[in-house]
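Look at the two complexes coming up: chain A is in both, with chain B in one and chain C in the other.
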Partner chain A sequence: MTALTLRLQNIAAAYGAQLVLEDVTLDVRAGELVALLGRSGCGKTTLLKIVAGLLPPTRGEVFFGQENFTHVPAARRGVGVVFQKPLLFPYLNVFDNIAFGLKMRGIAKSETRMRVAEALHAVQLEGYESRRAAELSGGQEQRIALARALVTRPRVLLLDEPFSALDASLRIEMRSLVSRLQRELHITTLFVTHDQHEAATLAARIAFLDDGRLLQTGAPRDLYLTPATPAVAHFFGWLVIEGKLCATQSVTDNGIRCDTALGRLTGTPRSPLANHKDESVWLAIHPAQVRIVTAPERSLTDDATENLLPATIEAVVDFGARVTYTVRLRSNDLLTIDLSRDAHHEARTTFDMDENICVSLPREAVLIFHK
Partner chain B sequence: MIHYSRIRVALLLAPALIVIGGLFIGGLLLALVQSLGYFAAIGENAFTLKHYAALIFDKEFHRSLFLTFALSSIATAISAALGLIFAVSLRDVASRSRFASVLLQIPLAMPHLVIGVVLINLIASSGLVARLAFALGIINTPADFPALTADTYGFGIIAAYVIKETPFITLMTLAVLVRTRDEYELVARTLGANRWQRLRYVTLPLVAPAAVSSALLVFAFIFGAFEIPFLLGRTYPAMLSVVAQRRFLSTDLSERPDAIAVAVCLALISSLLVYLYMRLARVLIRHDNPTVFL
Partner chain C sequence: MTTTTTNQRAQRTTTRRFDIANTGTIFTLAALACITVIPIVFLVVASFARHWYFPALAPREFSTRAWEYVASSSSGATTALWMSLAIAFIVTILSVLIALPAARALALCEFKGKRILVFLLMLPVIAPPLAATMGVHHLFLRLDLTDSLAGVVLVHLIPCVPYATLMLASSFANFDTDIEAQARTLGANAFDVWRYVTLPAAAPGLAVAAAFAFLISWSQYLTTLFIGGNQVVTLPLILIGFQRAGDEATTSALSLVFLLPTLLVFIVVARFIKRDASKSI
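Moving on to the complex of A and B:
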């Protein structure tokens, strides 16, 4: 089947009076894999079910290519779905499980045999035809579920957190398998996950969903480095705090000063801010750009010292190539700072538990958002 | 440590085990001994298989065995079919409505004897339906009403068991359906299965183990049950349990070993069915089948 663009236009969905999706518009280009990322309960699976035809939207439309599929029943959409659980039919063996979709479509037995063999080869499980689900490992079951979805040559492939029940090494293996198959088959794919690492590994584009709204779509790097909203920033590990624009505001070098529970911070506005003093704003601090410095190096009372915050080392986890420090800020907020061994060499120092230090935040590491 | 704890458990259970063992196993052994010819009351003191051998040529036994098999099979098949149909069609209602599930459980709590008496009052030629038909002028006299109890085809017996056992199979099947069907149906829908195909290739295979195992239990029960055939069946041929009871209570004590031989045959066949049920259950557990019902 030729790859088609999947277009979701202004999708809304509700369970009773509770709105779970609000005006979601998303394009997945032909042959592209987009990761739909968000916390549990944010509406990811609901959106996937709408695409699969398992749930009708309360508003909005679903297009496969130019064709409107909003009201086409699931059985006739030609969509392949792999769910969180493999859900292999327990009363069928592997061959019959994979052949199920072909049987429902009345495909001839000879072609079925050929396509099942191809699918088993694709998921590297040749020779498993006569096994039952109970005789397979978790990873093998999920591979068979993937083969069952692919064997029908679907217009669109939907993956709903398919690796979440697998252990770490299997997840890596399955990611690589899905990535390879998706590229080889050039199949338009929507991959639902709550794991940012998984999303970034698999997808060139991530769509971030929060509380039923699509907040940002873009390359993983964009979401990670320039989050569009405090919610995106928070999800990607930024520390989000409240602040107020300083009364004695002066904009210099695109930096804006704010008063926060951590002290006075200078940051970069995410979008142009009207310079109203005392306006409440959100500040997001990016731990990856934070540096640790020893406390006595600089005077904390010096006004010229920008974005230098006193803190205490709360925990140290030494992974060898990198060290993760958890530091407690004056506001009692915790910040996890991951430093590579190189960074240590640069700093020519290591830090101990309970040591009083300072964290230094470059302006770019502090984003300011409208409230 | 384990050794002592086992002894302690055995000692704690001893009073109950002695009563059960004495009354049940003792009674069973005594019956077995009598069926094997040792019955001092009538002067038989030698062990023999003649009472079992006699059954081979006993025409009443043959007809009763056939009737017992036939009625048990028909009642089980109808109950299983209706149970499946009810479970599939009531599934959505039952999972949402507590009232519906309670309603389904009412016949389960009713003793077989009550069902038998209710049916006699309803469908016997002197029953409510016959009188109603007579009052409405459908029949000329209540006696014109077709014999539905103590009849040639065992209609009353079948009806009683269908009324009693259908809810049992429905509930057993429903329990599996409510737990598993939704997810597999979603998968089947995405794989292109229409409503009929989902019923044929998903719902029925999912509930089959539960339906088959509960049907086996129902069959084994009906096969050996006494009250309903005694109340609603004919005197000849009667179901095996009634034959055994009649011979046992005969004033001619020499019939008693024959009666026990009939009862032992009944028990053996029922045990075989229970054994088959256990085998089926074990196979399903080995396959880690989520639909298994025990």
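Moving on to the complex of A and C:
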């Protein structure tokens, strides 16, 4: 079967009076894997259930290719779903578990045997046919669940945090298995996760969902470096603070000055601003672009002290090849700065606990959003 | 050297204490067994007794008269046995059919008035059967359900359905409905989901619930008497008839007949649950 585009158009969902999804529009291109990223409770599982046909949307439409599947029942959608829990049928052995979907489709026994064997080979569990679910480890169970979903050759594959119950090393192994199978089978896939690292590892495109709204869709590096809203910035580890524009100013060198609890900061506007004095704005500071410098002499000019913030080293974790500093800013906000050994060409290469230093923020590391 | 002996002594003491605990358990179990087994032994002896009057410890003469009479058609015991079995089977099947969806909803769904519903379900279990049956009799008279098999089945359902429902509800309590959703995504329609997912998961609870429904129906006396009005004659009815007539041997033989299916049900259910437990491991 050739892969189909999954198209979600203006999807809304509500539990009673509570709105869970608000106008979500998302395309997953044929054979593409998109990671649906967001905190727990942001509505991502609801969205997945709507695609699977397990929940009806209150508004909006689901297309598989050109066909409208909004009102097609789950049993006839032909989607493969793997949930966080393996949900294997406990009274069936591995073979019958994997064959379940084929049995429901009335596929002949001989073909079933062949396809189950193929699926077990794909998840590297050949010879496990007669095992019972209770005899499998967590990782094996989840691989059987994956095989059970893939064996039916689904139009769309939906994965709902399938590895979050597994331990770290197994999770990495499972990620590469899913990544390989998804590419080999060229299957349109939506991968739900709350783990930005997992999303970036698996997907070329991330859709970030927050509070029922799709805030940004794009390549992982776009979400990391140019977050569309303060919420996205916050999720990806930026420090988000409030501020006010210093004056009605024309945008020069992408620099706009704001007064904040940290002092006067110059940053880059990320969204259109009304641009009048005292306009309230959000400022997002990217720790990855922050540099630590020794406290400067008092005699420096204004220009040189731009975005130079006094701070104290709160914690130091030395990983050898890189060092992680947690610094406390004057506003009591904490910034975690990860530096590789040769990253800072300052006079000194290491800083000590409780040492008073300054952090220097390049203008690109401070994004300004309208409020 | 000294430590070794101390250890050994300590070990011996624990062993002895363990033995005492063991003996206690065995003694308790034996006492319990006696309470159950002795009356049965007594029933067996009494059913074969010819003359067995008060001071004698054992009957002076034995006979198979009572058993022959029970087996003969003139006693009506065989007919009553079949009637009891038929009613119990019908009641069991109906109870389970009603209890299954009810128990699932009770265990897994939240809805308004759920607590009131549970209380109403418990009511037949709490209310004295005599009082309840009086009211039911009134109602059934108007509905022309008295003196009929249908009426007896219905009145037996009154205590059987709540028991079956509450038992199944407890076995549904740990049921993960996500597994039903998973089955649906794999192409199972509503019927397939029940057949391949929900029912197998409920099977052990179902067996227990069915056994209870069967046993409750099997041992109904008052309700059968009131609603059946001697037109529907079950085993307990003729058993009490013989007991009142003072035929001790026949009463004993019938009691044993009455006891047998309950033992069979118990053994079958115990086996079923055990097999299911070993299956899921």
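In this section, the second predicted complex is superposed on the first by the 351 of 371 C-alpha atoms of A that agree within 3 Å, B and C clash if a C-alpha of one lies under 4 Å from a C-alpha of the other, contacts with A are read in each partner's own complex, and residues count from 1 in each chain.
Rule of thumb we're sticking to: contacts are C-beta pairs under 8 Å (C-beta built on N, C-alpha and C of every residue); 3 or more make two chains touch, one makes a residue touch a chain.
Small disclaimer: the values here were computed from a predicted structure and weren't measured.
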Please determine, from the superposition on chain A, whether chain B and chain C clash or fit. clash
Quick check on the superposed pair: does A:371 touch chain B, chain C, both, or neither? Answer first, second, both or neither. neither
Between chain B (first) and chain C (second), which, if any, makes contact with A:71: first, second, both or neither? neither
Under the stated touch criterion, which partner chain does A:121 make contact with: chain B (first), chain C (second), both, or neither? neither
Where does A:59 make contact in the superposed view: on chain B (first), on chain C (second), on both, or on neither? neither
So in the superposed three-chain picture, is A:109 touching just chain B, just chain C, both, or none of them (first/second/both/neither)? neither
Touching chain B in one complex and chain C in the other: list those residues of chain A. 52-54, 73-81, 83, 85, 87, 89-91, 100-101, 104-105, 132, 134, 148-149, 152
Report the residues of chain A in contact with chain B in the complex, numbered from low to high. 52-54, 73-81, 83, 85, 87, 89-92, 100-101, 103-105, 132-134, 148-149, 152
Going by the contact rule set out above, which residues of chain B touch chain A in the complex? 183-184, 186-194, 197, 201-202, 205-206, 208, 286-291
In the complex, the residues of chain C that touch chain A are 176, 178-179, 181-189, 192, 196-197, 200-201, 203, 279-281
Applying the document's contact rule, which stretches of chain A touch chain C when the two form their complex? 49, 52-54, 73-81, 83, 85, 87, 89-91, 100-101, 104-105, 132, 134, 148-149, 152
